[in-house]
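In the two complexes that follow, chain A is the common piece, with chain B as its partner first and chain C second.
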Partner chain A sequence: MIWEVFRQERKGQPFQHAGSVEAPDFRFAEIYGREQYGRRGESEALWLVPREHLSVVEGWADEFDLKYRRVDGYSIKARLKEARERAESR
Partner chain B sequence: MDDQEFLEYVQAGGQVETGDWMPDDYRAKLVKFIEMHGNSELMGVLPEREWILRAPTLQRKLALTAKVQDEVGHSQLIYRVVEDLGKPREHCLADLVSGKSKFHNVFHYPTKTWGDVGVIAWLVDAAAIISQKALLKCSYAPYARIMKKICWEESFHILHGRDVILAMVTGTPEQFELVQEALNRWWPPLMQFHGNPIPADDDPMYQWRIKSQGNEEARQQFLDGYVPQMLELGLTIPDPALRKRDDGVWEYTEPDWDELRHVVTGHGPKTQERLGFRRLNHDETAWVRSVVLAEAA
Partner chain C sequence: MNARSRVEVLLELADDELILGWRDSEWTGIAPLLEEDVAFSSIAQNEIGHARALYELAARELGSDADALAFDRAPDEYRCAPLVELRRLEWARTIARHWLYETADEIRLAVLKASDDPEVAGLAAKIDREEAYHRMHAEMWIDRLLATEEGTTRLREAIDELWPYALGVLDGELRLQLVERVRGRLPFDLPEVEPVTRGQHTEELRELWDEMTEVRRSAPTGAQW
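The block that comes next holds the complex of A and B.
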């Protein structure tokens, strides 16, 4: 059984994927996790998650070109330039 | 994506995850490379293990034991990456003890004195960390992530090695001599360590961006970083041809590439003895694995 290991380096920081351990049950996963990912005080806490319990979501469709939701959907440079020129000529 | 597009993707700095599609040749090269790395971590503890009971102080004994534990831990992390690529750890270990797969040249040699332990911990680890840092950008992302942790631990090992060496070169003339003799023994394998100087572009491991630098580049980096450190301690480097050219490139006596090939194909002075020990150990601990797995089932 494969357990994915997520490691939090300091309190308040996100848990980041660090690797995995193979263990028949949680008791052994905990022992291996502590040994391999926390022996030198490099982790505040670990999340150990059986791999089969992880559901991966990927691939993002954007059929309707929803650019107005993102900063790259707004190109203001040319308009700003024009606005400044108009302001000067007023 | 076809093989050619994949090659262009990784050459442009693209990274791959476990579940992603990859060419068969890429997967095979990854398994071979990473498995050899795992083997080397596991076999690399044996030369040092021989000195745990003979370490000169309790402090050194504890530090050496911790280092051995780290290296075994590295092999566990690395074999886990190989398993996800499709080769189970049991198969890796079987191929290792039967002599089918390889491990690094430096772990086929004896450790004659405590001076060898210092030179291994300082210079062999230094050479290894140069190779390992070139894996932080590996196109196979799970391996690159594991290398981050391994490099971090290796930096302790180099310090430990330097400390051992410094204690000896500031000790009695006999202690200094032990370091010099160990350096004389280890210099040829150290110069062979990064492999023959094939151009990076002809190296399949570089083409697939499994590693990010060529063999000669790594060796030059080692010489650049560590020759000055050896000289400042008053050590003599056993190669009269060694010199740094005005353009910054190191010249040296051509390492014995036949010896390298001979040693890594199972003919080193300690190869069979250490594989025998690994085999014995594997057999003697079989009951532990069966108990652990049976209990959980």
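The block that comes next holds the complex of A and C.
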């Protein structure tokens, strides 16, 4: 059984995926998690999650280039250049 | 334990931890599971760290130093229990020895933690805080082995073989405590045997000593590292 290990480095910080351990139950996973992800004082806390309990979401459709819906928006550099050239040619 | 001097008590514990740490480290790279490779290596490092702290405390009283106590004595001068000397590269026996040792060690550390000597009591408490994780590790394995017929059989074979040695880690009233605890934890009977007590050594210690002190002996006395 694979347990995904998420590690919090300092109090208040988000948990980030650190790796995994193979263990038959939580008791083994706890010991292995402590040894592999905590014994050098590198973690404030760990989340140990059986891999099969994670709900994975993947595959994204973006067929119509709806970039305006994203925070990074359009790249306007190329369009700006086109507009300038149009203006100059008039 | 009262009959023994402070230094003798410290060296018994230190030698047990050093030699067991050495034996546990023999799994590094070849343990049956990657996770156990890491866990056992880490336990080995902890035990050797405990030995170092105990040697330092004893060395202050003896006007010596930790390295000299760890490496410059003759094999017969070590005070370790024969249990920790055994080279047992077989997993069930390794786990059985680990659990028997940790169970005995907990009893002994409880006495030292209550010592009138603040240095001994303080160090014992510090060591025990790490040993708590070794005990968690050992106990989970015992439960796992006892959960199946095959595991129980293999544990029983290992305990039968190691029990005389385990009895020799402690003596007097503390040995009785060990018997009670082990008996209370296992679903099978323990063999009626004579203890293999501290003070005698196995041939395996001699071989381990040759290997362990080789680098130290190869350097001129007083070499600085």
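Throughout what follows, the second predicted complex is superposed on the first by the 69 of 90 C-alpha atoms of A that agree within 3 Å, B and C clash if a C-alpha of one lies under 4 Å from a C-alpha of the other, contacts with A are read in each partner's own complex, and residues count from 1 in each chain.
Assume contacts are C-beta pairs under 8 Å (C-beta built on N, C-alpha and C of every residue); 3 or more make two chains touch, one makes a residue touch a chain.
Just so we're clear, the structure is a prediction, and the values are computed from it rather than from any experiment.
J.: Record, for the superposition on chain A, whether partners chain B and chain C clash or fit.
T.: clash
J.: Touching A:Gly59, do we find chain B (first), chain C (second), both, or neither?
T.: neither
J.: Tell me which partner A:Gln36 touches in the superposition: chain B (first), chain C (second), both or neither.
T.: both
J.: Where does A:Gly12 make contact in the superposed view: on chain B (first), on chain C (second), on both, or on neither?
T.: A:Gly12 sits against neither chain B nor chain C.
J.: Can you tell me whether chain B or chain C touches more residues on chain A?
T.: B
J.: Counting only touches as set out at the top, which of chain B and chain C does A:Phe28 meet: first, second, both, neither?
T.: Both chain B and chain C are touched by A:Phe28.
J.: Report for A:Ser20: first if it touches chain B alone, second if chain C alone, otherwise both or neither.
T.: So A:Ser20 only meets chain B here.
J.: Which chain A residues contact chain B in one complex and chain C in the other?
T.: 21-22, 24, 28, 32, 35-36, 39
J.: Taking the touch rule as given, give the residues of chain A at its contact with chain C in the complex, in rising order.
T.: 21-24, 27-28, 30-32, 34-36, 39
J.: Would you mind writing out the residues of chain B in touch with chain A in their complex?
T.: Residues 19, 73, 76-77, 80-81, 83-84, 89, 142, 145-146, 149, 152-153, 292-293, 295-297.
J.: Which residues, counting only chain A, touch chain B once they are in their complex?
T.: Per the stated touch rule, the residues are 2, 17-22, 24-25, 28, 32, 35-37, 39-40, 42, 56.
J.: Touching residues of chain C toward chain A in the complex: what are they?
T.: Going through chain C, the ones touching chain A are 33-35, 38-39, 42, 133, 136-137, 140, 143-144.
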